[in-house]
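Since the structure comes first, as structure tokens, the remarks are kept for the end.
So that you can tell them apart, the chains are marked A, B and C in the order they are listed, and the count of residues begins at 1 in each.
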Amino acid sequence: MITIQEIKKSLIVSVWFMLLTFPIMVIRVNTVEKIVEWRWENMFFIGISVFFLSFLWRYLMKRKELEKKPDIGTWEISILQEIVKKPKILICCSCCLVLFALLLPFIFSFYQTNIITNALIYVMLGLGLNIVVGLAGLLDLGYVAFYAVGAYSYALLNHHFGLGFWSVLPVAAFLSAFFGILLGFPVLRLRGDYLAIVTLGFGEIIRLILENWNEFSFGPSGIANIKRPGLFGIQMSLETSIIYIYYLMLLIVIFTIFVVNRLQNSRVGRAWIALREDEIACQAMGIDKTKTKLTAFALGATWAGMAGAIFAAKTTFINPASFTFLESAMILSIVVLGGMGSIIGVIIASFILILTPEYLRAFSDYRMLIFGATMVIMMVFRPQGIIPNVRRTYKFSKSRIEN
Amino acid sequence: MNIALEVKKMTMDFGGLRAIDNLDLDVKHGEIVALIGPNGAGKTTFFNCITGVYRPTRGDILIYPPDREQLRINGLKSNNVTEKGMARTFQNIRLFPNMTVLENVMIGRHCRTKSGVFSAIFRSRKTIHEENDIVEKSYNILEKIGIERFVNEFAKNLPYGVQRKLEIARALATDPFILLLDEPAAGMNPIEIKELDELIKKIRKQEKLSILLIEHHMSLVMNLSDRIFVMDYGRKIAQGTPDEIKSNKDVIKAYLGEDSDA
Amino acid sequence: MKIKKMEYFFELFLGGLTRGSIYALIALGYTMVYGIIELINFAHGEIYMIGSFTALIVASVLTLKGFNQISILILASLAAIIYSGAYGYTLEKIAYKPLRHAQRLSPLISAIGMSIFLQNYVLLAQTSDFLPFPNLIPEFEFWEPYSHIIGSPQLVIILVTIIIMVLLTILIKYTKIGKAMRATAQDKNMAMLVGVNINHVISITFIIGSVLAAVGGVLIASHIGMINFYIGFIAGIKAFTAAVLGGIGSIPGAVIGALILGWTESFATGYVSSDYEDVFAFALLVFILIFKPAGILGHSDAQKV
């Protein structure tokens, strides 16, 4: 099956990579003590792994070529899609999941519950960005800016005026939406790749302002002692409040899923997808491009803003370091890995990407490396994500709608 | 018959290239008009100009919707043009590949419906009603075009001929009073072309709309059209009934090349 | 008093010119790649970063081995150029070539992924600290009398940039590969029909762009004296700003844009505030894209439908 030719090819690739990575992987100079460290074992390691990976790469490439002919889906996916399609199984599964989620704080420790809450925040962010990138096809690389707007809205309003979480949550959502529209108005007529860069620039501007405008944002040291969310003024211990925030987050995530799901198959949601698929045809079908994009952008921002307020309330401390470009990139890789437009995919991807580094400590150093590689590999081999979005189907009998 | 679309002295320049030169054209209500000409004559550019994809350099475009005032539509965005009742298809098919056939048609209903983000979330009775209406209307159009058996397929998986028909279905869903078809028969086999011929006639009759079509298949053009406009190098070189066009010297010259006087 | 002011102005002007030259070297890579495959090569800044790291590593090893300054300069630069070119080439083969017919956003996402990957690759294999970069550019003795106006490193940076611009112009205008590149940029299918090997042209474009970035990397690193794994990100965005400002796809545009950006930054930090150095660049980027997305020398075509 594996020919000499292929082995030769892989050998060449492997030697190429050994040479390519030589200075950076092998040599390390300690400029202070003036010692050169030669790490030859890295070269060996690269050689071996590239040799085998190149087989895998070629195999996957071949498979991709084959799959181009429609209707040769792989079976694992079709099973998942079948589940998604069959409402009965779906409802059953989601009931089990919800039950598990409800009992979770009693099964796991506080520490773990806290981590899961974190993951839930990313689910929310992922689903929000999914509206913008996955459904409407607008590559927003500054999503974290809206997250920051939400977080700082709550932190500052709480710090200066002592406002509580519940009264600020809608304010944070509104402010983020406002920023979304403010940015969206001028930039949404730009082409896709320019939009990406402008949003990236905007995200960085917001972060740099937060970092440097000490009088406003308290600079790099951030804001501490932010109040946790309250519940009718009941005093809560740290543990109870962790559990409380967990349930709160769960509720909000379920609400998010509900909203995104409804939007997806609505008139507006279809317009977003059409816009993603073909802007010119979409306009020719009578859809107002700017308005449609703006709705998606503002709605995505709203969600980021809410997530930001929750984040601030949960950690009780924020500073600009939480809102770097890498954060945007991480949320984006959640959407990319999960599958553009796919709710279930995004949920699974956030759990994978947030929990794996937490539980596999060895992983956590390599986390950003893996995110980066994931984005490339997904785009090359599986641009539709782990669980591709399923479109709703309709049944008709003698032109009567049954859904 | 009253005029439905009137284009007056339209010119379109791309940098130094004059793609359309002082062109006049009109379509009457209920009429099928063909726009023909050799490759690169500027036919598609003409469509793009009158549907707001490009902004013409000079000229006037007027439409006369049946139950409304006449309208000058120069400089309108293409979504507004569609909203005013002029819909089109594309020469190089531009469907929404990852949406189902039905959804493609449902997009066409967008500009005739209203519900927004909030009604989508709360899904009031009115919204549900509107949504059902969209589905029903779209399905009916699919039936009319004869592609309802593909209803839940992804558009990207359709055979070529069906994709062309879906483009027509999608345009029809916007309730146009004038329909612009850019080479609807391109890439179709003779049987499909025959079907298309009947389909276009049926559409005109049932929907009471005017059709302006660009086409290279002469038999289809001669068979369908009431009048024909011929373009070459951006200029109108002839207009008239199919019989007049068939015997027009300039037309023959344009198609066969300058030096074939024979 | 007045003289002081003039001198300060002149200092800022030269600082801007130096910065601008470096941005130009990086911006050319963006513009050339964009001109040919309409992709924002997001990982371009990382190539520049890898170039400076390679130079740093080679230079340090050679310093410890006792080589003299000139040979270190030459060898380190050569290493940086060769390795950057190789990275650029490999990057294209892995992350972009398989996506040539993919959906609009795919290559861009892949590029972002590659950028993150390369940053962390260097971070993990080397260090996250700032490393001191040896001053490779010598202080020329003959320039001593003028060095209060402009130091020799700055002079070298400006001169090298000018020489490279001239070479690049000649390459693109008069050589066969240059013609093939222009043909590909105009119309890929047409170029293919007349026998241009598109894959070859794209590879060469990536290599040239990467080499220019490497030169920029070595020059700026020895001028500033510090590098870390993150320098590529900021420099990349700034160079991209320059490319867009000048009109992406246009080579003279990239140079003009880079100089304008260099001066803007230099004067803004000199006269307004140095805290917001990067904000000026980003703000400029946002403003151009909003108000004149075609840039200074770019032209906006109506998209063919």
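Simple rule for what comes next: a residue touches a chain if its C-beta (ideal position, glycine included) is under 8 Å from a C-beta of that chain, and two chains touch if they have at least 3 such contacts.
Source: prediction; values computed, not measured.
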item: Chain ID, smallest distance between chain and overall C-alpha centroids; value: A
item: Pair of chains joined by more contacts [C-beta pairs], A-B or A-C; value: A-C
item: Label of the chain whose CA centroid is most distant from the centroid of chain B; value: C
item: Geometric centre distance via CA averages, chain C-chain B, whole Å; value: 47
item: Computed distance of Cα centres, chain C from chain A, in Å; value: 30
item: Centroid spacing, where centroids are CA-atom means, of chain A and chain B in whole angstrom; value: 41
item: Junction residues of chain A, two or more chains touched; value: 280
item: Residue list for chain C, restricted to those that touch at least two other chains; value: 305
item: Per-residue multi-chain contacts in chain B, two or more chains; value: 53, 90
item: In the complex, chain B residues that touch chain A; value: 51, 53, 77-79, 82-83, 87-88, 90, 94-100, 102-103, 106-108, 110-113, 115-117, 120-121, 123, 127, 130-132, 134-136, 139-140, 143, 148, 151-152, 154, 156-157, 170-171, 174
item: Complex contacts: residues of chain A adjacent to chain B; value: 70-71, 259, 262-263, 266-271, 273-274, 277-278, 280-289, 295, 299, 389, 391-394, 396, 399, 401
item: Residue ranges of chain A in contact with chain C within the complex; value: 16-17, 19-21, 23-25, 27-29, 31, 34, 36, 42, 61, 133, 137, 139, 141, 186-187, 190-194, 196-198, 200-202, 204-205, 208-209, 212, 280, 325-326, 329, 332-333, 336, 365-366, 368-369, 371-376, 379-380, 383
item: Complex contacts: residues of chain C adjacent to chain A; value: 39-40, 50, 53-54, 56-58, 60-61, 64, 79, 83, 86-87, 90, 94-95, 98-99, 102-110, 112-122, 124-127, 131-132, 233, 237, 240-241, 244, 275-276, 278-279, 282-283, 285-286, 289-290, 293, 303, 305
